[in-house]
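Labels run A, B, C and D following the written order; every chain starts at residue 1.
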Amino acid sequence: MSRPQSLLPLSREPSTRLLPWIIGVMVYLAVLIFAAALLLANIAANWDREMSAGFTVQIPPAAGDAPEALEARVAAVVKTLKEAAGVGEVAVVSPEVTALALEPWLGPNIEAHDLPLPRVVEVHFADRATVDMAALIAKLEEAAPGTVVDNHEFWRNQIVSLVGGLETLATVAIALIGFTAMAAVIFTTRSSVAIQRDVIEVLHLIGATDDYVAHEFQRQAFWISLSGSASGTVLAVATLYLLGQLAGNLDTALMPDLSLGAWQSVLLWAVPLLACLIATMTARRTVLAALRRMP
Amino acid sequence: MSRPQSLLPLSREPSTRLLPWIIGVMVYLAVLIFAAALLLANIAANWDREMSAGFTVQIPPAAGDAPEALEARVAAVVKTLKEAAGVGEVAVVSPEVTALALEPWLGPNIEAHDLPLPRVVEVHFADRATVDMAALIAKLEEAAPGTVVDNHEFWRNQIVSLVGGLETLATVAIALIGFTAMAAVIFTTRSSVAIQRDVIEVLHLIGATDDYVAHEFQRQAFWISLSGSASGTVLAVATLYLLGQLAGNLDTALMPDLSLGAWQSVLLWAVPLLACLIATMTARRTVLAALRRMP
Amino acid sequence: MVRFENVGMRYGAGPEVLSDVTFALKPGSFHFVTGPSGAGKSSLLKLMYLAHRPSRGFVTLFDRDVTRVPRGDLPELRRRIGVVFQDFRLVQHLSAFDNVALPMRVAGSREEVIRKHVTELLTWVGLKDHLHARPPTLSGGQQQRVAIARAVIAHPKLLLADEPTGNVDDTIAVRLLYLFEELNRMGTTVVIATHNRSIISRFSHPIMRLREGGLVEIKQSAAE
Amino acid sequence: MVRFENVGMRYGAGPEVLSDVTFALKPGSFHFVTGPSGAGKSSLLKLMYLAHRPSRGFVTLFDRDVTRVPRGDLPELRRRIGVVFQDFRLVQHLSAFDNVALPMRVAGSREEVIRKHVTELLTWVGLKDHLHARPPTLSGGQQQRVAIARAVIAHPKLLLADEPTGNVDDTIAVRLLYLFEELNRMGTTVVIATHNRSIISRFSHPIMRLREGGLVEIKQSAAE
């Protein structure tokens, strides 16, 4: 005959119809920013790995040097490097490869051996920590005067500080969003409690326990925030996909790899669940606090 | 004795206490994104200007060429360039400067004249539109075989497409935010109207005109949205300033100039005013629509 | 003043709660409306205070056919009608004073005039000490008196009161009825829906009796 | 059952609206509470249904000092009390049926039992055709009867009714009083605050008379 109607129709209340939207937008932004932060961290880690994987040594030819003299100096550099602690693979780049790298500058039709090109040695670290760069640079200068060591330190610092700044910003933004979303839940639940104060009071006077009343709100807050955060997440993932497509159209050399690891994806999905949980618990606590103020 | 109390205390309503926050966050995000879009446009315009200002021609030395032969080919290239339509200034880069540019590759102690370096000619457009690049390249090849023209076209395209993508994204984001903010105003006003339906109905039955009632809501929506969007804007400007400081700490060579023109700043301040206007008008229309549904 | 011709009324798609109601009230008349709970007394008053339109028939108020009055003219008509709602309908966040002042404010009266009239009237109904109390802090009977004060403050041409004495004792009820009679003597047409038999029998005014949506009789007075 | 000793009560920091009220009601008794509007009848009932605490004195209900009952025990006490509020306090978005079912649902009764009892009771108070109507679509008297049905549905040990007949005619009022007497005969202690003199004089039950916050007399019955 008569199915029991919802006692506290939180979702039919016009003010709470707003809540899924707010939560949706908040979760959307939080997921996007969180994804951006994760990607940034990935990119930074990548660059850092590449750059701190080793360094480059250039041995320029002295004016009027015989090719043999240059070879001897290269050998001295290689020997010094191999003896240094923490240094792993040491590879001498052939003059042809160096010439190729210089093509944009020198034009295509140069013969490598015609030019007094500097010789390049690429060095990989075996154990970054044990390498004493300053001592090594001094030793190399001794072994082959004029040797130039390029350990990317300057660029690394630039990028680390840039990425660090952006990550701080992302953290602040996520905190701000979380705070706003929580404030929204608190305000909306309070408002709901205020609007439905009459009903709550009647339930209270009829002998309903606080838990009975809180449960009604809590249950509905859960479903509302679930719907909001689910749609926010779906939209965010769609946006990320579109951005990925957009980035894919660009030259891949320009853009670093824009994809998240499996573990990071899981972390990303935790955002809406967390939002849901916070909303539900906030609703519960707000209602209980309001009830406790009743006689 | 008794000052008339606010008839429809929109701002005391718990659900509408949320509205300034929502509007604040929305305006904050909108201003930030709008600023980012403007900056991007500035950067893109800058790059575009620099890159489309002209191009570079390289004349590599042929194997075993006498220096005079190279000079003759440079002269031929310069002559061809000066005769071409739309070409402005033509400057031959001295071998010393070229050597300097190559220093990172060749090491510091090279004598420019020792090396068979390519000669570089920098060309500025007088009138970009009238230049027929393809024809010009063909003519240059004829005048001095082996000439390489680097008109940055590839890079320009990359950057234009990247910036274009980001700008589309910013536009979509601003539209989304505007939409959400408007939805928030509509929902909140509707909710307010619903909550205060009793009061509105009494006013209506007592003989208040629709305009009288709408005016009450509208006035309060104006002040609420003004407070919300003002604080959002102030926060956004503070954030922009902080970001500017952060960027200033980086090497300036890495970052393009991050500042807005006066006109653009004015445009930025239009965002909160627009938000305010939209909120007020939305409130008015919502109330009038609700009233029209009453007998 | 008020004329009903074959009036029928329904809420939404529901059944008719009033049917074939025909009567005419002369300006300056005073009528009681009575009948069992659910007979349609409040619905009849709703038609008169323009909160509802008839589903058939004609309702004429102040010599105008209310079904044909353009929307823009309704506020002006409504300002000539004072209503005591059965459920009071006070504005909960406004003081008793501001509630009673509403009709004058809506009509654009000056604040000094409002202050004087409202204070006087609230004192008369025994709420001198509760001018600044909000309705939730008033007793049931006190709220009812605020509602009555709001209905009569602007000297309406037509006064409609729906069960105006349900929450007050007979002493106050008689006093309020005297207020209505005073207004009536000054030209206001009065219609009071009530269950209170002792009030009806004490004041000899014509009685309209409703039963199940129909007007079953109009007696010239309870004494008859 | 109910015992008041030198009870004083005030709202917030306001003046005392009840002072030095002392009386005791035996289980199974039936009392009318009367007095002018604003005398404190509703406030007295509020103390009894635990919506308010006394500012001084002792209130004992079911042999427990209510000022010392821990918060967690209050729901259980309240379930033994049925209340008809002066302003009904129906849940506006629930049907008449669901409103009346509330106390049983809160107490965890089975749906079949609820369905049977609620339908029966609503039929008895004359609302058979309005089981699924929401309060805003009911007439004043119909709403009042829903409020009464909700108060008695769970067979409370203590029934408190505040002006329960203000919106119904005398025929229905008498019928409702019979319902209260029926419950009283089955052991419920009944307290009814009312202005309705004809009802008070028709049923010979003890009368508590309040004036300006004080209990001025307890008459054994109107007939005395």
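To be clear about the criterion, contacts are C-beta pairs under 8 Å (C-beta built on N, C-alpha and C of every residue); 3 or more make two chains touch, one makes a residue touch a chain.
Keep in mind that what you see is a predicted model, and the values were worked out from it rather than measured.
With contact taken as defined at the outset, subunit A and subunit C are each touched by B, D.
With every chain reduced to the mean of its CA atoms, the largest distance from subunit C is reached by A. Centre-to-centre separation between subunit C and subunit D, using Cα means, comes to 29 Å. Centre-to-centre spacing of subunit B and subunit D amounts to 69 Å, using the average Cα coordinate of each chain. Rounded to whole angstrom, the centroid-to-centroid distance between subunit B and subunit C, based on C-alpha atoms, equals 64 Å.
Within subunit B, contacts with two or more other chains are made by no residue at all. For subunit D, no residue reaches two or more other chains under the stated contact definition.
Taken as a contact graph, the chains are arranged in a single closed ring, with each chain touching exactly two others. The chain pairs satisfying the stated touch condition come to A-B, A-D, B-C, C-D.
Residues of subunit B that touch subunit C in their complex: 1-2, 4-5, 7, 9, 12, 198-199, 201-209, 212, 295.
Subunit A contributes residues 13-15, 17-18, 21-22, 25, 29, 58-63, 101-102, 105-111, 114-118, 146, 148, 158, 161-162, 165, 169, 180, 183-184, 187-188, 190-191, 194-195, 243, 246, 249-251, 254 to its touches with subunit B in the complex. Those residues of subunit D that touch subunit C in the shared complex are 11, 34-38, 41-42, 86-87, 126, 137, 139-142, 145, 162-163, 166-172, 195, 197-198.
Those residues of subunit C that touch subunit B in the shared complex are 49-53, 75-79, 81, 83, 89, 91, 93-95, 97-98, 101-103, 105-107, 111, 115, 119, 131-132.
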